[in-house]
Amino acid sequence: MQRYFSRKLIIYALTFFLAVTIDWMIPRFMPGDPIRNMLTRVSVSSNPSAIQMMYDYYTHLFGLDLPLWQQYLNFWNSLLHGDIGISTYLFPTPVTDVLWRAVPYDIFLLVPAILLSWYAGNKFGAFAARSKWLDNTISPLGYILTATPYMWLGILLAWFFGIVWGIFPIAGAYSFNMQPHLSWAFIGSIFHHWFLPFASLFLVGFGGWAIGMRNMIIYELEADYSHYLEALGAPRKLIRQYAFRNGILPQITGLALQLGVIVAGALVTEVVFSYPGIGYLLLAAIQNQDYFLIQGCFLFIIIGVLLSNFIIDIVYVLVDPRTRRGMTGESA
Amino acid sequence: MKKQKKKNEFLYFTLRNRKLQIGLSIILFFLGLAIFAPVLARNEPFAYVNLRGAQPPSSEYWFGTTFFGQDVFAQFVLGLRATFLVGAIGGGLGTLIGVLVGFTAGYRGGIVDELLNMLTNIVLVIPTLAVLLIIAAYLEVRSIFTECIFIGLTAWPWAARAIRAQTFSLRTRDFVDLAKMSGMKPLKIIFTEIAPNMMSYLVMTFILQFGGAILNAATLDFIGLGPTNAVSLGLMMQYAVLWGSLLLGHWWWFIPPGAAITAIVGALYVMNVGLDEVFNPKLREM
Amino acid sequence: MLKLEEISKVYRVGAFGGKELHAVSNVSFNVKDGEVVSLIGESGSGKSTIGKMILRLISTTSGNIIFNDANISTLSGGNLKEYYRNVQGVFQDPFSSYNPIFKADRVFRLIREEFYPGTPDREWDAKIEDALCAVGLNPEHVLNKFPHQLSGGQLQRFLIARALLLNIKFLVADEIISMLDASTRIDVLNLLAELKSRGLSILFITHDLSLAHYISEQAVILYRGCVTEMGATDHIFDNPVHPYTRMLMASVPRLDKKWEHGVVDLKEKHAAVTGCCAFYDRCPIADKSLGCDKFQPMLTEAEPDHFVACYRHVER
Amino acid sequence: MSLQVDNLRVYYQTLRGDVKALDGATFTLADGEIMGLAGESGCGKTTLGHSLIRLALPMRFIEGRVTLDGEELPIWDTEKMNDFRFKKISIIPQYAMNAMNPTRKIGRMTAELLGSRKVDFKDILPELKRRLDLVKLSHDVLDMYPIELSGGMKQRMVMVLSTLLDPSLLIADEITSALDVSSQKAVAEMLVEFRNRKCCNSAIVITHDISILYQIADSIMVMYAGQLAEKASTETIIHAPRHPYTKLLISSLPEVGVKYTERRLTGIPGNPPLLLDPPVGCRFRERCPIAFEKCIEIPPFVEIEPGHFIACWKEAGTHAQA
């Protein structure tokens, strides 16, 4: 078990290292000059020498005039001190502050959406595997849901419930005319705004998990241990119960593998509903060419995904006796 | 004679499988629209043809017109082309890299496998879209082609993982040893002994990669990081949302592109299940 | 003809090769021209590993395999091909030996592509016909068919015919009849005996004592990668000395006598024992004072052409 | 008489049509009898064994009557058979290595299985422990997961599990074929011990290895191509078989001590027929050295001596004509 975790941790450490390196490399090796772009955007002055001065100033400020390896080490150094720069678009707020403001919204949106869709999808998928009739009605629904692009489902929900029926707001995290404070009205407003983005993330995920579980159950019901139980006259209920329990294990691993897709879904969903999480922030950063903010968003996303992966690993070990008793179940 | 029989059996299942029938007809329908797009589209996609601006579908403009009076149908069929292109090239590249990495890791084993496996797991953990976003953000000019390349370059890990596992189980089969004892070189063994046995698997991998590439491209386009010089279904959705089609009730603008993507990707998934049933006799319904 | 000198195979298991698994330890024996040597062992004894090392499908960790004065681990390219022209193998599972999506005679075509590229069609067809007749197959019945259309026995003969196309000198037959039906297996065994009388050397790998006795004049008994007893088949069968061999003889189901109801040994084999006799943890006569718990005993001569690796025997 | 099977026919459904894997089997099994069921692969021995307890797709029941201890078994009805399974008839499957749920501790799995059959685990625990002793397994296995056991241990555990409710009939399907020689002997002898201690009344041991049967079975029934060929006491089958197939089969088996240089054994020429479209009449006809015109009809499975049944026109002689 110790080996299982040390192996995982090595992978995560390497992933983090690679991600940071990518994060550092991209603005430097892509065609185009980020500082020039930034200056043209904010163009305060049309005086070429003034622009050149600002250019030099910023180049020096961001350390872009140093040798590459120095830049790279500096990047790590400031990163480890929790400093990932200052947002140019929300100047002069440090990027970390900007991101910390967005993170609660992401947690509030993603955690329930991921967990509930996973739970409900698995239950529903197991239910679908019960009979051919159920299977034929539930499975197509699952396939349609999982094939739907997140933003389109978001758009449809926003249109139906926000515009046509007008029962849910379609933008922001709370009413524009409210200030954050602790009151029932405000909390109500938070949930009111939360519901549609949550629903669109939930539904797409739900379809995928339901399909996955349905296939797992059918596979498990054909396993030798199921046949043995049948031969000993065990009731269907017990056999299904075992199949569900064993089928859920790969679904846990599947959750870890799906995180990237779910994060992508969350990004666009936040964009559709102008929900002030990291996805929305990232879009704003891209549109305003705020490179430090882009880098910061990327880092936060990576850290979030790695943490979630680690939590899932721990849960997996707790649930699968095979890993606990010294055997490595899933390899990495 | 017997081979004929075997082929026929396969064909029989392929044609009889309802999931394959449904999936394939949907794909062929949209593919047809995409291929004949230049004939079907009666207007330039971005031309402001309807001076009255947005209008619901009519006999003149089948899918209505946009806020600016552009022909939605023309954008739609041409956007389909981009969708299929992304699926084919992006999905194809993803499959190709996955195949190369998977074959190498699975066949060579040992330290090569350890390293490739580690690389695969690392890339698997990094959220693809986040990487694509920042790459796209720094590119000033983006074409559908570059989009395809980057999607392909980031989508391969799970394919590599799956193919590695398959190769691993095949390479321990005795016929591989027999091929070695016939003096065959490793590369030849991989391509003439192992790969043909995995054909069904490779096809299914490609189908899933195809669908995944389409969804990824739609997301990129929607965020505004799609091709800067072309029309695509994701871009249509982006413009629709950007120009208030929700508030103004221009449903004909945002429904067709999303519906087409859902239909195509859903059809691909369903086809995949159908193929699995055909290839895997255990799943065939009696 | 073929000489194994102290060959060993150690697998590194675990994520970074942390653990060692001794599959084969210091095995030496010879196979002479026109001789059948049986390599007898249960699952996990390392018998197939030895077969695969001889066929160069697995590398040796240490020790040499000498074929006609050439160390086979140094062969590569053309030399390796030349080696395969002389040495071939047939494996246990006839269906796994064929690529299921191709016709069975593809195994012949591969030989032709690699070894006889210039041979004219007619000559080649005649060659195939000869080889098939030599293994007792009717070309009309077996050519142009898919593996699943042929029986296990036919498939194994087919593979032997494949080896004959190369005019081989040495055949590794790894459990080649254990998956065949009783009514056909004996014929394949007889075929091996015929080939032997025509000068072919055979390493006959099996877990079945009666088959080994039926066909071979020399036998090597393996337990956990170590040779426990070897020598002339008759000597070993008439006078088994090693406690493992005796246990094997006592528990093998026979048609000529019933089992003696004795204490059944149910001790489980542990994954790897190092630093003691391989049979130490199951041995009924182990004696610490002799060093059974410390070292693997060397092979010593019990009688002419009969060697045993047991301290108790030395003592006697 | 413990088990009586009358004209049992079970086919396999395939695309190309029905494979006639078991075509009319009629035999009986005495109280306390261990009967070996032998034959080559594809002869229908497994089909026969499985159809008695779990007749599932693609197997298809055609006709026949199975009576166990005077009660007819509804083998065609999966639901109704549940009342008999485990309690009256049980199986040690060929896949015993994978027969236990990998994610449940063995004890808990046993308790849940028993609970689902309305048997209290606590009541049976003392007996379970006695039987674990019998197969030389530590009581600790109940607190382990299946992967913590070796193959041989799992095999013995499943043996105990399957016979826990003292079934009248036990079907043992190739239980020794995956084991090493030494464990093979242990498991086979334990099976006899189980019968002696009434853990099961009678047993059918399915195997392709006749020498194992010679060691443990009271009687042997030989099948060929979906039909019964011969049934007799073990001694008779091994030393004085009458059916030409049995004779050839027995004589092709190498014994320890036989050398090809001294006595050359021979196999049976030819291959068994495909059961998709089996030949009419005696199915061994084409490979049989003594076949004659009459063999174009299906020979009945008749008793030629007390307890000795064969299906052969020539050997059964007047018994078959009657």
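First chain written, first letter: the chains are A, B, C and D, and each begins at residue 1.
Criterion: a contact is a pair of C-beta atoms (placed from the backbone, for glycine too) under 8 Å apart; a residue touches a chain by one contact, two chains touch by 3 or more.
Predicted model only: the values in this text are computed from it and were never measured.
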Interface ranked first by C-beta contact pairs: A-B
Chain nearest the global centroid, as defined over all protein CA atoms shown: B
CA centroid of chain A to CA centroid of chain C, Å: 55
Distance from the mean Cα position of chain D to that of chain B, given in whole angstrom: 52
Geometric centre distance via CA averages, chain C-chain B, whole Å: 49
Cα-centroid distance, chain A relative to chain B, in whole angstrom: 22
Chain A to chain D touching residues, read off their complex: 223-225, 227-235, 237-238, 242, 245-246, 249, 320-322, 325, 327
Contacting residues of chain B [partner chain C, same complex]: 2-3, 6, 114, 173-175, 177-184, 193, 196-197
Of all residues in chain A, those that touch chain B in their complex: 11-12, 14-15, 18-19, 22-23, 26-27, 30-32, 34, 140, 143-144, 146-153, 155-156, 158-159, 162-163, 170, 211, 222, 257, 259-261, 263-264, 267-268, 271-272, 282-283, 286-287, 289, 294-295, 297-298, 301-302, 305-306, 309, 331-332
Complex contacts: residues of chain D adjacent to chain C: 40-41, 136, 150, 152-153, 180-186, 188-189, 208-212, 214-215, 238, 248-250, 252-260, 264-268, 271
Parts of chain C lying in touch with chain D, wherever the complex brings them together: 42-43, 151, 153, 181-187, 189-190, 193, 207, 209-211, 213-215, 237, 247-256, 258-259, 261, 264-266, 268-269
